[in-house]
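Below are structures written as structure tokens.
Below are two complexes that have subunit A in common, paired first with subunit B and then with subunit C.
Let's look at the complex of A and B:
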């Protein structure tokens, strides 16, 4: 009903290959874009800067991880370290007088170069061993960042992130920072949406499904794994730089520890491997879940007259977070993106369910 | 740096390394039978130690009774994890299985902290703190005891794999389809290996808890255990033992050399470097089988 397909006839290739062939999807995307663009007008600045902004930035990050995990099928347990490299490189760049836009891109390129280091493990081993070597590289990066004073500014140090100056204009207002995050998120989303209809995207999927088979049909899996890691690391680096500049305003090694890597993985798994809308859902879910859980737990405790200790309250959201990952893998391994697709498929032919196959 | 200090850090490193292999044996047991890399072994170790504490302080049982009781509880925890979570993922891509064990790791660690709290607590096995001198070498009694237990566990496993059940497990790890076709219940074998891994985790947790106190840091043994397991070859228990020795010695010696140079915490760096080097140079480890897929 909502996503009516009746009367849609493609008479040229361009229309057939459109990103959103169904008008309902176009309307929905348009409405969401309009809402996102006007959000600073009607949204409380608190919500804007503490919910919307991190959600958008983390969505870009999750999309970057999805490129390597969902598209190319390579495990990456050191994603946060790559984000950290970008963040530190960009902050140091700006502190040394490089304009912000160039510093952010430099951060992305630095992350990309070091991220290829992660890929070299991927070029030799796969599956479990790749996961373990990226995990080890995450620890090496953590150690390097926190123990080299030239990078972190000394042990236990916090490095202040300089204010953003975009083309000479200082961006300091909440709305301005929000737009920076929004534009970056939309850029990454557009890139990922288009990826699936390019040769690169199809090659990555071929490598994911079976690299021997990909080699047989002429896809150089060595090259495409390298490209996947480099591209994903570039996205990670820029995302890390933007996260630090717009949200944290300071950079410390703990912001990019192994727990954050697992959090990014959880976003992709909960959202759905290889699903773009899923990355939005996953990032939102993982970011909002602890707060919502805390509210729910204290409400439930008050309702049933339980008195929970501070330690219980501190660790219970984390336990539920673990339980959620387990639950998603058992119930819906393809995550929230798949649930969305199921609903959409149902509505596509509703109320004539028998039309479906 | 004189020779005695070097030898002392090597010997104590070796003892610590044997205690690492106690945690690593759990990973090896599970990987052998079901090719599941268990990233939850660290938090299973932590849970085991907390259950021992809960029984000994909550019920008031003496420690020699609390440990067997906790082992019994953990046996069923291991079976439960396999039955409820891992069995349903059989045949899925390794990404899903790794993520599942990571999820279990987060769940067990945070769940343990939710129930019992995060403050570090001592667990006393009645080992005296008095220094033990072996010639000029000062040796930590707790580490020595842990190393002896690790060797004893290894001996027990060697004997166990000669029993009827042990032969069944070896058949499963050799080729589970073939084992299935001759009427071996692969599910039961895999569940048993999870249970044994949980039991080993409890013993490891108690020993490590007596050394460094029972708290969240027990779960961090995961990185060391993974390094040891990979270095030894993921499907070799003897390999895990030797790799533990090797890692312990390298870590102890390199740690005492590098710590003053690098400003501390160089042990984790040594671990990570060992893990990366093993994977790049010899991914099947020292004693693992050679059928690991390489590109």
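Let's look at the complex of A and C:
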């Protein structure tokens, strides 16, 4: 009823290959876009700057990781390190007088070059071995950053990020920074949406399913794995740079430590491998849920007159958050994105559910 | 079930709604965005407990110049983005004084503090160069920096060696990440100036394996070992010292060493061990005694009574007695309602304040937000800590030259924005 398919005819290639053939999807995307574009008008600045902005940036990051993990099927445990490379490169670039737009792209390219160089070595192994060797990338980067003062910015290991100047205009307001994040997130999303229907995307999926089977049908699996790593590293690098410029305003090694890599991995897995909307859900879940749980538990405790110790109040949300992750993955191992799809599939034929059977 | 779920969701929604800004009310409010669940849990419970206990005591006596104290504690799990969220949320609720007690979070919040002009308390964590009040106007790292502490340790060794360090061998043992690496610069400078032989011995994270470090130390046979480690790493160090036949009396720990660690080493085995500290430990301090009598004996304590014996309890008490005193001076001088500017003036007029002998006397000025950076060396005699020195601040010129050099770099990058 909501997702009506009546009246959709695939009469030409363009219509057949449309991103959203069902009008309901188009309406939904359009509404969400309109809401996102006007968010600074109705949303209070706390939500805008502390929840929406990091969520959008991290979604872009999760999409980049999803490219290599969900599309190409290659493990990556050093994703935060790649983001860090981009962030450091961009910040150093701007500090040396390079315009911000170019510095951010430079950050992406640096991350891409280092990512691809590392992938050359790492991709000689597969599966869990690859996971471990990408973990090595994380530790090598951590070590390098904390031992080379020229990179980390001296013994304090903090490098202040200069303000964003977009075509010479300083962007410092909450709304301005939000739009920078929004535009980047939308760019990455559009790229990923289109990736599905390109030769590259199909080759990546072939490599994911079975790399030697892909080789048999003429897909050079090593080449496509490298492309996946390079592209994902570029997205990671730019995302890292944008994260630092719009949110942290200073770059430090802990922002891109191994914990963050695990978090990024969790975003993709909880969200759903190879799912774009799942990346949005996953990033939101992993990033915002601990804080929301915290507030919720404090609220509930106050509501029911329980006086919990501050430590219990800190640990209870963590336990609940962990339980939620397990719960969601038990209900649907393919992640939040798949749960959304299940609901949508149900509504596609509702109220004529028997059609499916 | 459905109803329950609905009420849960609406609760969640409500709790999200409750993040809306509120008007600044009558009480003086302090935000503690702490790491209560991850890395800093070896200190945060005691520090939060002492701050809330002291607030209770102050409130019993009528508050700060008639205004009750309110302490807001929230967990950030040592994650920068959650620390920022805590700051942004409470800032909108009218809180002006923030304490993160975590180096990563403090670094992440600092740019916002400097932009918004709120007060950041970052005793013992965060950027050391923030004691330069001319650059870091809004940051108050009251207490010693790690550079200052290292310099004070060297000063103590100098006193012990009869005023000259020529030919002495000092080993600097540290955990190989920014916390441990921080004092290297100042130690190198001092080694050159004083002519002692400095050996740098790092050991890797997470600090459970120090075997190779201690083999190196045994080979070098130093006169003193200055150790930049956190809690349990000291226990591992003590085991390695026994194994390598190095007397524990050569060991000078950084301030992150408490009674739990002593217990884990063994009170007897730890005899002779030294630590640098900016607070007097133990519950026989007048302020702690008062809290025990007025708060705990009346059943109003904010945690387990046994934590009050911990040196980190006194550390928290020291930090918050300074904060409350600063706020009191602010209200007294410039009147209610408080603004960050008034609070800043209040803090900057702290003079020789030592909370009844609890800590090194603190004098904060617009130039020095560290309050003098004094520490003393204490020795464990098997049952208690015995002070080995007065409150000292050694080599101030060298320490300040490092501070100025770093803060100038920050100022430069701010100017280039």
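Here is the rule we go by: the second predicted complex is superposed on the first by the 320 of 357 C-alpha atoms of A that agree within 3 Å, B and C clash if a C-alpha of one lies under 4 Å from a C-alpha of the other, contacts with A are read in each partner's own complex, and residues count from 1 in each chain.
The working rule: contacts are C-beta pairs under 8 Å (C-beta built on N, C-alpha and C of every residue); 3 or more make two chains touch, one makes a residue touch a chain.
Note that the structure is predicted; figures quoted are calculated from it, not measured.
Once chain A of one complex is fitted onto chain A of the other, the partner contacts of A:21 are absent, as it touches neither subunit B nor subunit C.
Touch criterion not met for A:30: it reaches neither subunit B nor subunit C.
Once the two complexes are overlaid on the shared chain, A:51 sits against subunit C while remaining clear of subunit B. In the superposed model, A:265 lies in contact with subunit B only, and not with subunit C. Using the contact criterion defined above for the overlaid structures, shared-chain residue A:287 touches subunit C, although it does not reach subunit B.
Once chain A of one complex is fitted onto chain A of the other, the partner contacts of A:136 are limited to subunit B, with no touch recorded for subunit C. Of the two partner chains, subunit B is the only one touched by A:323; subunit C is not.
Of the two partner chains, subunit B and subunit C are each touched by A:311. In the superposition on chain A, contact of A:254 is made with subunit C only, not with subunit B. Subunit A residues 155, 309, 311, 314-315, 318 lie at the interface with subunit B in one structure and with subunit C in the other.
Every residue of subunit B that touches subunit A in the complex is listed here, in rising order: 37, 85, 88-89, 92-96, 98-100, 102-111, 113-115, 117-119, 223, 226-227, 230, 262-263, 265, 268-269, 271-273, 275-276, 279-280, 283, 292-295.
The part of subunit A that touches subunit C in the complex is made up of residues 44-47, 49-51, 54, 95, 146, 152-163, 247-250, 252-255, 259, 287, 290-292, 294-296, 298-300, 303, 309-311, 313-315, 317-318.
Against subunit B, the residues of subunit A that register as touching in their complex are 69, 73, 75, 121, 123-129, 131-133, 135-137, 139-140, 143, 147, 155, 211, 221-222, 262, 265, 269, 273, 309, 311-312, 314-316, 318-319, 321-326, 329-330, 333.
Here subunit C touches subunit A in the complex through residues 11-12, 14-16, 18-21, 36-37, 41, 45, 48, 73-75, 77, 79-82, 84-85, 88-89, 92, 103-104, 107-108, 110-112, 115, 127-129, 176-178, 181-182, 184-185, 303, 406, 409-410, 413-414, 416-417, going by the rule given at the top.
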